[in-house]
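See structure below.
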């Protein structure tokens, strides 16, 4: 059973080896890199599922790297929260990789494909590392791996504009990283350790120190930037819009979620509810901002003409939902927030896949030029409609379920007004989703005559998209399934067992 | 450790930093940045962080400067501010 | 014995009408009419009735029997048959034939109904049937008139329903009988009053009857008001208020009848007037009053329909319907003229005609209520005057122009003849009628007191005719009634719904739309939008506190900002602002931390 | 790059020394200041000097992109291999003392650390050269 | 009073200076139009943070964290921040490299290096 | 009497869903696609009828599908009241499908597959609403209904239609949000959302909270189109007529009022409503709506829009009935659901038939239509008369109960509302009838090539009108019987 | 822009200065960091790894994983630069 015990680290080392193999194989023959990539991601996905099952069965898994127990060494921690996020992001990553093949062929110059895949693999390594590490500095390192990969992936390929988008993100991301580093430093100064669990244990003694407050503040700001938590989202629309479709899918689902995950980790695992609710009641403030984010993101999304840009702003709004849960900070709301992480990953992944497919097929993502696109791309548009419904929160999709939990939690905590705004936000979501649906389905039926018989896209692009769209629905109906993991996860965050 | 020396170095660094971002010629700015890094190296060495100082010397004053110069050589040397 | 409610015979019969062609329809209608009459006659007075359980908790008695009902049923069926006969002079529109049959059905249905719910259903059916008849007319005014007719009756029906329901709740039964008091009574009274053309809700009657077709107005005049009167009688237990209401109607109708030029309008007011007599009698509350009311109703049905038939015949032959345009038809239409005289004298209440007998009964019954008799007497005088006026102008004065192409067609004559016969028969032998009355009241038309009374009325009328000489002035006619008021109200409501309401709704939706546009535009470039909003809101202060050139500059800059505002979201934003934002947010957190 | 005899000559002399210094730094990492990273950078500096002196094309002959690729992969693989080795000996990843205990070789721990450092150094060197190549070269490799 | 301030100064001046450096870097990031200048600012910002770390690793009177020959007792400074910063420096240079290559790319595409101009050009295209 | 588990409710909902999938698959083959619709409609009617006897015996068929979220499982329960709605829906879906086939083919509409697909899903959602066992399930279906009817509303895809669609969606989604808030609040107050005859909110919150909750519910059920939140309904008239018919008679608006009745009877309970003064509130809203909507209808020239305002007005009868908080009022309210459905669908069918046959939408253009399409116009008149509450059509039945309820509930003032509205109803319906039947076309040949609509349209029209007639004559079976059971359930009493 | 930048910088500066106040004094041997892990490493490193340079010991052994990450970072940067700038070639 040693392999099973080593699984956490293999989850990172395996892909590293895979990245090297991709590079080497790609050097030899470009066509080789995709299969390797797929294999590695599949392996990672399976491993993540196995780990998740283990966590469900046996509780938290702790893996001491180098055999050094904290605080000396680094540990990997897989509890139900990180297990949940891990399998979520791996699922999304897998689907995104399946999707990526043809999309990348179309959007990335052939000679860059190898490095592209290597970077994607590295990005995923970074994100997985961020998810399962139990050490704050290690978190930072993996954050940087993923960040650098992201900067390049955003900038690398599609349009000249993407360079600017990538550069802007780089600046913002670097500042964020700097702040995070600074925050980690403050924490270290205050406690003398870097292990999350230990920090949480040692920190209460110095809750009143301004150092700790500053640590919290900088970590919060840093991760807010990385997670594009309004109003620190400015990099996001450009980054999402200009990057290649496959990258957009990955960063909008996997990366954004991991950033949020990290933030929640910081807030709840390191600082614990005792700090963020009682000592420095920042949750109220977060709640306020989250509410603004929900509304503002949605309104901005409505104003967009570019499909991807619209979805990007929608992400800002949706991240607001997750942060809303953080702000409410009770069991039910957190369950909703975590569910929304899963749900939003799936629906936004699906939506961006649709956008990518539309670009692949129609060559544009400007909505004004996409009138009646449903006629030529029925499956994509159906997937969009389904995922969009989830985004709006139409039952019984997963988007509704998470919203339900959120509102329930907010009501329970007595945040009536905020809950109301949350609901309004979902209405605004209808505003932008519907804009595209209108255009796609009802834009102009005179042009629908050209019902082409050619398939609307490669099956490798359609399949993951449809898969995600259906998952939005199925997981919504059988919401009990994810809730079995999410419930304990939320409990862990709130300081339960 | 003598804090006055320390302090002087720090002040000098600040001067360098300000200079680096004010000078209009980017190449000059790069060189000033290298100087800044070198002072930083000294400072760290003086703070008993020899490994870090070593690295900073190699990276901050070395590689980074080279990278900057390479980049500037491929773009433009002058800056409007 | 057969116990089929006649209403169902008529209703069953009319279903076949649409598929019958030409004269076949007329024939069928005649058959149905006869069958209905037969059924009405044959229903035994001892019948236990027919009860249906349609609505849970409410028994619907579609057939119940008592002497009043027997009498009324026969009268209605008979009059209906006459109306059908009268109508067969030509190929009728099917709608009209259906309407006539449905009217008969509804009226008989009301008559035999044993509970209020059934009454109500037939009540509404009657309104619809009448509407069919009115709208079947070729007169273009019939549209509006029918519409108003309907609205009145819907109002009446609804009020009746309210009254019924109130009664059911307060008394616990739906059986026809005295109603409670309060709201139920008022509603019931309004409901019945509308159909009975009680003032002030009578205006539909002179409005609609003159514009119906000739045969239609005959059918109309028989059922609606009379059924209402019958129901009023059946319910019973009314107070003196109703009696006075009847008196008012009698007087009011009579006066207005006197002022009319249109012959059918004249007769319409006469209907109101005579209805007033009946209601007055019923309102008197005594058994004799009830008897008198029903008796007068029976009589009135006959002679009033006779007069309408005459008017119809005249209009049919001459194409004119105004006193001022008619004249000297006695020569051209002698038989019609004869029938007209019979009907007219019946209406005037001359002894020997049915009106004489029944009106006498009414006057007798009315003596139970103070002041009632004088009013009715005055009305009688006026009635006599307008009857004379009616007869004189149509038949006897020097013709303004020969226009008739002969006497009325045979079916009309038959119908008129039948009606005239009945009028005379009842007039001569009141027992024919009064024997059927349950109260056992008898008429004494030839008793001395009655003769004196009738003579007095006649003489007064003659004197007045001679004095006022109204006969010489066929004039324009006074057609203004309080319906102007109702029409104004209706127009007002229409205006309200057309103007303020819809404009208001439109305005709201426009506002909302522009608000959404503003938000949408603002979201295209939020910083600039905020900037503009800020500057705009500061503008008034700047105007107050700055010197003119500064204001000018300020306004210019604002205008420039607005002008250069992007219509579309600008892509790609610089990084610098982002960092400033970071600083601000961080500082906000910090402040929050400080003030906590 | 202007032909400059002095620079060329000095470079030709200096490069081996710098490379040697790099190796030393890497090797010395265990006992004193220095380590894989610094050594790698120093090593790369030698190549930078060569680029300055002889131009890129010349240097590419010594180490081309393929070589860089191989070196970088090799370096990381070396590090990972050391880590994975400990898994083979039923330890956790990078649990070097398990290997030491299993093989019974004293100071193996330190040696393994050195190996790992070497891996770092190789990778850093390769990548640094690669970056310099890419930054400084506008033409690209013809191969 | 002065003494207190002086104490505070002597005990924290390193941090203060590091902070000032950080702020200078940040300022450059925000206010400087030239992209290379921004990256220079970023570098300064990062190194300032490194300085911050090294500062709190320092122990007065300590020696470098390399074991002195056997037997010699010494007060070593805290080695952990050094390790962290070693890693962070590498990260820093990586970011610098990527950023500079992006700048090169941007210059090749748009021919400008100033942010405002760049935004203008980007929007026009 | 009691709860019996059964799978049929789920089957009933699954049939149209399955059909919708089949419709998508068979989309290219018109005949096949349409036969799928018809077969599914028949099958669904069959399953509903199969449940009818059991429900008529007072049983409730329950089915738990899956646990969902705190506050409600995904569960179905067929009780008498739900059966009323479901039966109406099932019958009308069949007829409406027939009609829609004729209509869509008659106009050669585009995107027919989408149309039939959405129809099928919509009916599934409507039935789901009828069979919901708790608020959450109801909400789920309610929202699905909102979304799936949108493509139907904007079917013609003109800019005007899109605007209307947006309006439609905006109102309904906002409503949905309020409903969600209400559901959640209910859950927080009581820990359950399952419908309990007679209500379960009693004593769970302060009166103010419960009053606010009720307001939330009211806004939530904006589908009931009470004023001033009615604007979406006339706007939605841009839809093809089968859709309008379906929306008005079966699915959307009826779902709204269904929800309100459910809330009144199964969540609040009449006693609590009375105690909180909610009856008055509801009465005010309903009265206002009834009268003002009628006024709006008065001057509207577009036939379908006039009918829409009529619907707004008529639906508030149901609210009015509920507001009386009396047994008879409740009975009238419930009875008005199927009755209005059958009558209004007839009217819309005719409006559509006129569009197909004569291509006319404005009332003023319909002069003399009777001569060319007598049957159709006759059916229209009949249904119009029925809506006005005149015999011999079903409308009178509910009206009688409502009137009884008004007096019984001690609010005779509502009688006035009924009376006024009766007059207004007549005043906007009869001009239409007059125009169609009596008036002559302005130009002789204006109606030259107009004839009766095809049989697929005519037959449903006649059938719905006939059913309305039959309901008048045989009101108890099954509607009033079912309603009796339902009312008995929530009041513990018997039908009056 | 410059004033805005200055204000922003001052904002951040205020926070930073405020935070520094409660930090242990520069060179304080009793700061939690030094006392806790710092001393631990210093005591353990020799025993555990047997190499003299504590920094290296931590770098490769205790926090070897970080270092692996660091190598990956630089690797990523290399690939990134190659992707961005390299023309032709196989990457």
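Per-chain residue numbering starts at 1, and chain names A, B, C, D, E, F and G are given in the order in which the chains are listed.
Here is the rule we go by: a residue touches a chain if its C-beta (ideal position, glycine included) is under 8 Å from a C-beta of that chain, and two chains touch if they have at least 3 such contacts.
Just so it is clear, the model here is predicted, and its values are computed rather than measured.
Common neighbours of chain A and chain F, by the contact definition above: C. Distances between chain centres, each the mean of the C-alpha atoms, put C farthest from chain G.
A count of contacting C-beta pairs for C-E and for A-C identifies A-C as the more extensively joined pair. Distance from the chain A centre to the chain E centre is 29 Å, each centre being the mean of its Cα atoms.
With each centre defined as the average position of its C-alpha atoms, the distance from chain B to chain D rounds to 24 Å.
Averaged C-alpha coordinates give centres for chain D and chain G that are 21 Å from one another. Centre-to-centre, using mean CA coordinates, chain C is 33 Å away from chain F. Not a single residue position of chain F touches two or more of the other chains.
Among all residues of chain D, those that touch two or more other chains are 31-35, 37, 66, 69, 72, 76, 80, 83, 93-94, 96-97, 124, 128, 131, 134-135.
For chain E, residues that reach two or more other chains under the stated contact definition are 10, 13-14, 20, 26-27, 29-31, 38, 55-58, 60-62, 64-66, 76-77, 80-82, 84, 86-87, 90-91, 93-95, 97-98, 100-105, 118-119, 122.
A complete list of chain pairs in contact reads A-C, A-D, A-E, A-F, A-G, B-D, B-E, B-G, C-E, C-F, C-G, D-E, D-G, E-G. For chain E in complex with chain D, the touching residues are 64, 66, 86, 90, 97, 100-101, 104. Of all the residues in chain G, the ones that touch chain A in their complex are 15-16, 18-24, 31-38, 40-41, 44, 61-66, 68-70, 72-73, 75-77, 79-80, 82-84, 86-91. Partner chain G is touched in their complex by these residues of chain B: 1, 51. The residues of chain D lying in touch with chain B in their complex are 25, 33-35, 37-38, 41-42, 44-45, 48, 128, 131-132, 135-136, 138. Those residues of chain C lying in contact with chain E across their complex are 570-576, 579-580, 583.
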